[in-house]
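Chain IDs A, B, C, D and E follow the sequence of writing; residue 1 opens each chain.
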Amino acid sequence: MSKVNDILKNYSHLNPGVRRNLYTMMNTGKLAGTGKMVIYPVDQGFEHGPGRSFSPNPAGYDPLYHAEFAIESGVNAYAAPLGFIQMAASEYPGQIPLILKVNNNDSLVKTPNPLSAITSTVEDALELGCAAIGFTIYPGTAMKNILFEQLQQYIQEAHAAGLAAVVWSYPRGELLSKAGETKVDIVAYAAQIAAQMGADVIKVKPPANEGVELEAAKKSYENVKIDTLKDRVAHVVQSAFDGRRIVIFSGGPAKGKEEVLKEIKEVKAGGGFGAIVGRNIFQRPKDEAMSLLDDIISIYKS
Amino acid sequence: MSKVNDILKNYSHLNPGVRRNLYTMMNTGKLAGTGKMVIYPVDQGFEHGPGRSFSPNPAGYDPLYHAEFAIESGVNAYAAPLGFIQMAASEYPGQIPLILKVNNNDSLVKTPNPLSAITSTVEDALELGCAAIGFTIYPGTAMKNILFEQLQQYIQEAHAAGLAAVVWSYPRGELLSKAGETKVDIVAYAAQIAAQMGADVIKVKPPANEGVELEAAKKSYENVKIDTLKDRVAHVVQSAFDGRRIVIFSGGPAKGKEEVLKEIKEVKAGGGFGAIVGRNIFQRPKDEAMSLLDDIISIYKS
Amino acid sequence: MSKVNDILKNYSHLNPGVRRNLYTMMNTGKLAGTGKMVIYPVDQGFEHGPGRSFSPNPAGYDPLYHAEFAIESGVNAYAAPLGFIQMAASEYPGQIPLILKVNNNDSLVKTPNPLSAITSTVEDALELGCAAIGFTIYPGTAMKNILFEQLQQYIQEAHAAGLAAVVWSYPRGELLSKAGETKVDIVAYAAQIAAQMGADVIKVKPPANEGVELEAAKKSYENVKIDTLKDRVAHVVQSAFDGRRIVIFSGGPAKGKEEVLKEIKEVKAGGGFGAIVGRNIFQRPKDEAMSLLDDIISIYKS
Amino acid sequence: MSKVNDILKNYSHLNPGVRRNLYTMMNTGKLAGTGKMVIYPVDQGFEHGPGRSFSPNPAGYDPLYHAEFAIESGVNAYAAPLGFIQMAASEYPGQIPLILKVNNNDSLVKTPNPLSAITSTVEDALELGCAAIGFTIYPGTAMKNILFEQLQQYIQEAHAAGLAAVVWSYPRGELLSKAGETKVDIVAYAAQIAAQMGADVIKVKPPANEGVELEAAKKSYENVKIDTLKDRVAHVVQSAFDGRRIVIFSGGPAKGKEEVLKEIKEVKAGGGFGAIVGRNIFQRPKDEAMSLLDDIISIYKS
Amino acid sequence: MSKVNDILKNYSHLNPGVRRNLYTMMNTGKLAGTGKMVIYPVDQGFEHGPGRSFSPNPAGYDPLYHAEFAIESGVNAYAAPLGFIQMAASEYPGQIPLILKVNNNDSLVKTPNPLSAITSTVEDALELGCAAIGFTIYPGTAMKNILFEQLQQYIQEAHAAGLAAVVWSYPRGELLSKAGETKVDIVAYAAQIAAQMGADVIKVKPPANEGVELEAAKKSYENVKIDTLKDRVAHVVQSAFDGRRIVIFSGGPAKGKEEVLKEIKEVKAGGGFGAIVGRNIFQRPKDEAMSLLDDIISIYKS
């Protein structure tokens, strides 16, 4: 418990309502009390379409499958868009902290400068008994002014209502190369922006790629240790207020179990607060998924 | 857990947010999952004054004492006015479900037809991370129209925000005799009114006195079994939608341990969902209080 | 400074804006950093009329006299109704923390159950750069429901805007004897009500009279040490959350210097956080007033 | 103090709340009472990314480092985006005047006509106990209509709430050459626009470059003395209402200590009201930074 | 006075508040009661930059210079953007009718279809005690829909608050030749649009150029007398509701005294209601400026 309280000390600017929900998320599931966090997100149905998302494990078409999976698996929280959360909230109220993903971006429209659509509200989150809202930003998008102002309003409204704000911070935009999106300077920048805007939990992709993307930043990184994924994760965590904000790392595209676990271990070694794994879990058959998730949780528990 | 879910089936008219908070209250502490509930309320400082309330156990002047006591003792929830809840919420966010007592009646003003003062709001409850608001009504007071309209507004607003509504329903008013306040027809009537107004959890006094208060009701009660406290409790629970609302019974004025436990046993035998015990606990030294509370909880657990 | 920070720990439920203003009040003047506080209030012109208030020292008819006096004397803050604060705020912006007295009660109307009139707003306080609002309640008045709801709204609005709330809690009402207003059970009750309603600083009268007012409380006080003023003050401070709220004591009616200082010494010995002295200061010639105030401050400094 | 009051005479159009905050900023730190002002801004994490900003002195990743540095160093105020201010405000409420930077522009998106994103609000500033909001405008950007209208709304709202408005006025836009951004006519124009829009404190870059940028202005400048940096600063100060507005000058890109001090001396000689130095301070190790800042403050103190 | 009342008869559609302010403007200064009006506008600091505006007479950098000049010179009103008006309003409240220029266009951005930025509001004008707002429109700009809607809103809001609306109507836009901007059909059209949109006072440039700009209008003008400036002015006044709206003519770019006076005389002969002269006044040394303005006023007085 003391680890959780230590972390909460960095959130003393928030009202007790928000701190209650952060506490609840950190004290749920198998990682309760460790200060680590594994979140189970299922927004791919909206983001990538149902076929791409659920056909590998057709049980996943059913929203209750995910709600039950989240409860049974011992994760800290379950995140999804409105429709999935409505089902989970109503069938299993109180059994798992819920994060309502309030904006979403589908794959039917593509643009070099993405802007997710608003798909639900803080009022929805309250009515559904959520612990937090989830919001995606794309640092680097030319739509940033609209996007950041939306985020500002959502965080302010969520905090006033005692809800935590989980921010998916995914660099994307016409000036960024595809590889650059997961280079360390860019991921660190994305974490910094989310933290400066008032995010409570920050989700980023692992800074998988070597090198530095921004010309203007290259010189600065000459003396920063960024050779291994572990090093780069450490820099990203440092960039989120020197570890004073909870930074969790997504699992990214589906891949082999060993690969997943290896990455998680490095992320953990670098000081990551946890994982947010969706496709790599729900696209596997339930038993296999449960087992993989358990391995991931075990890494963070150790 | 299945007992909790059975109870929640009677609350399917509420949004998942309220049900989350009912679930949380029923799944906290030593009675978690039993469908029974013991609440620790400390509003006597406001209602009766600090000297009368806390001098028997001076540790109780300190709001953190109660917050810590509630957490350690394994009760389901802690209820108090704004000032005490502010301290509990900020020091121990998330560690115990909180019920913000939003109206309060002090003893410096006395009137045959009482009307509590509004002392805090649903917005306060959200900011402080409460699970519920608590509201006192006095069925029988000539001020009922103001009072019930306030209750209506508070329940509506609390429910919209995902908070549960716990209603203290205490018959009082110029037409009621002092003894009548705890006669079975009156307590049952108070439970019915609270239920009809949308209360989620109803707190009444044990129908301690024999006989029927209202002339017009006497004939009806000829065939109702109301001889023992257990019988009368059963009738009160029946009067709150035939057991479809959580009805809990207060401990009343300070008294001997055996007396307290005897009453609790009868209440439980009559189908009471639990107890809400304040003075009988916090006016005893901590060890003694903890032990008594444990006995009470054990009765409900058995 | 560490004393101030220790006190602020009891206010962690408040946003940083309110804490800034509490900090500023506690770090101004000769008592800066001691955790003690002397406030200079001049609301008697409204409350008792100008002749009764200012004729003993006619310089006091001029609002700038009081503003300058407050600055020069080294008190922590200056409190007054709108008109006086407007002059102080505009002539000496930033030079002394200001407390806008937002309700006031004149002596042209008398009623056994007083209710002060609303005379200014939180918006006024912001425009005038005040550190806090001041609000008077009369625990015991039959008008309590209107009064407490006004207080609730003012505190909520002030806190949202980052302003502190100083509550004058003066028992008064048809059920209280004149002597009873300053008996220890009543003053302690008044402090408790203010604290429960969310007051940050509580101003009460010294519990000057011996004995217990409320019949129902007499038994409880048998074992409470209330023989001396010091004892009684200690009980009042205890009744305001066991010393977790700043309780300051008014000087009361004009009297001799020695009498004033004797009372202040006892209040301090009992754990009072400070004094709020008006008439005993501003009705004396400036030099004499300055000297007396310096003596009072010295007592709190020692 | 009389210097501060002389300056405040030029702000008599503002309500006392704003003047209180200007007074507080001018009476804080080592320059208290001199009418000069050194502000410590740390918005580069957002503007340039965390690596470029903080890797030269990694202590700077931690928001508390900056809060503590600002307090210890004796500057007049600390300016940063929401996330950093939240930490400073909650940990050290009242210990240093805070300026909430309410709009920010990251380096992941580049456009010839920049428009910063809205990242926080006046309501945030009140809750966090800030003395002022900070807002960046880019005179010359084709987005000016949106930008100026945002500024107009922020200034109006901030002033109504008693907060001061500090405006970063940085010429930029497709019609301006890079060199032109710091030519005297352009910097003077930027100062004038900020002043006309109601800014209380105006931050500009030193008019480092010789020559005049705008064709239409060249003739007018034939008779203006703009040979030295000192001359040019004098013209800029003159252009902000003939010295009736506080104009402070940024330190610009990181450079050698001697260079920094030389520039500051010329700025001061030209009548600049002070400096706002970020990178040149926080990118140095703490001791060195503290020493340089002390030198800067000494220049303004002399 | 009867002349003023005759003019006010054409404004009977306005509420008495607006008419009070028109009356006040027409009854101020040396032209009081004549029905003629000379306005002193100083918005060039924003529109052209401070160096171009004030270096010919550096006293003009100081906002108080203009306020004092306006009062001493006996003009009817003083018009400027927010910053200048704040100083004038606060230092000399009530001494001269003020017109708050609520939109402004700087010279750092150039576009063939200009749209001024909103820089202040009707609320500002009320707080500063202004008699009117000033608003610039550019008939002919492709941004007209935004612009006219802004004007509509400002006039509606100003009138509702009892403030008059002075409209600067300056034809400009990609379809107009530079010369065409001051041809009679265009100036007349600009006056008509302003009048139709509800302007109370219309400021246009003198229709200095001969000929007709619009092809479609040429035939219509064959029978209109537009040979001399006097003729053309008469047509412009006629186009503003046949003289039922106050139309005043700007002085245009700086030029020689004789030239200025000659133009003014012709404008007056053509029925112009007055002059609005800025640069030609404030760019001259004070004595010379005062003397020229006196000459102008004398022309309108005769």
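The rule is short, and it goes like this: contacts are C-beta pairs under 8 Å (C-beta built on N, C-alpha and C of every residue); 3 or more make two chains touch, one makes a residue touch a chain.
Model, not experiment: these values are computed from the prediction.
Shared contacts of chain B and chain D, meaning chains that touch the two of them, come down to A, C. By number of C-beta pairs in contact, D-E leads over the other of A-B and D-E.
With centres taken as mean C-alpha coordinates, the chain found closest to the middle of all protein C-alpha atoms is D. Of all residue numbers used where chain A meets chain D, under half belong to both copies. The two sides are thus made of different residues. Work out the mean CA point of chain B and of chain E, and you get 72 Å between them. Note: centroid distance chain D to chain E, computed from Cα atoms, is 35 Å. In whole angstrom, the spacing between the mean C-alpha positions of chain C and chain D is 40. With centres defined as mean CA coordinates, chain E is found 58 Å away from chain A. Within chain D, contacts with two or more other chains are made by residues 86, 89-90, 128.
Pairs of chains that satisfy the touch definition comprise A-B, A-C, A-D, B-C, C-D, D-E.
Residue ranges on chain C touching chain D, taken from their complex, read 8, 15-24, 27, 86, 89-90, 93-95, 126-130, 160-162.
By the touch rule above, chain C contacts chain A in their complex via residues 12-13, 15-16. Chain contact summary for the complex, chain D toward chain A: residues 45-46, 48-52, 54-56, 58, 61-65, 81-84, 86-87, 89-91, 104, 106-111, 115-121, 123-124, 128. Interface of chain A with chain D (complex): residues 10, 12-13, 139-142, 144-145, 147-149, 152, 156, 171, 173, 175-176, 184-186, 188-189, 191-193, 195-199, 212, 214, 216-217, 220-221, 223-224, 235, 238-239, 241-242, 244-245.
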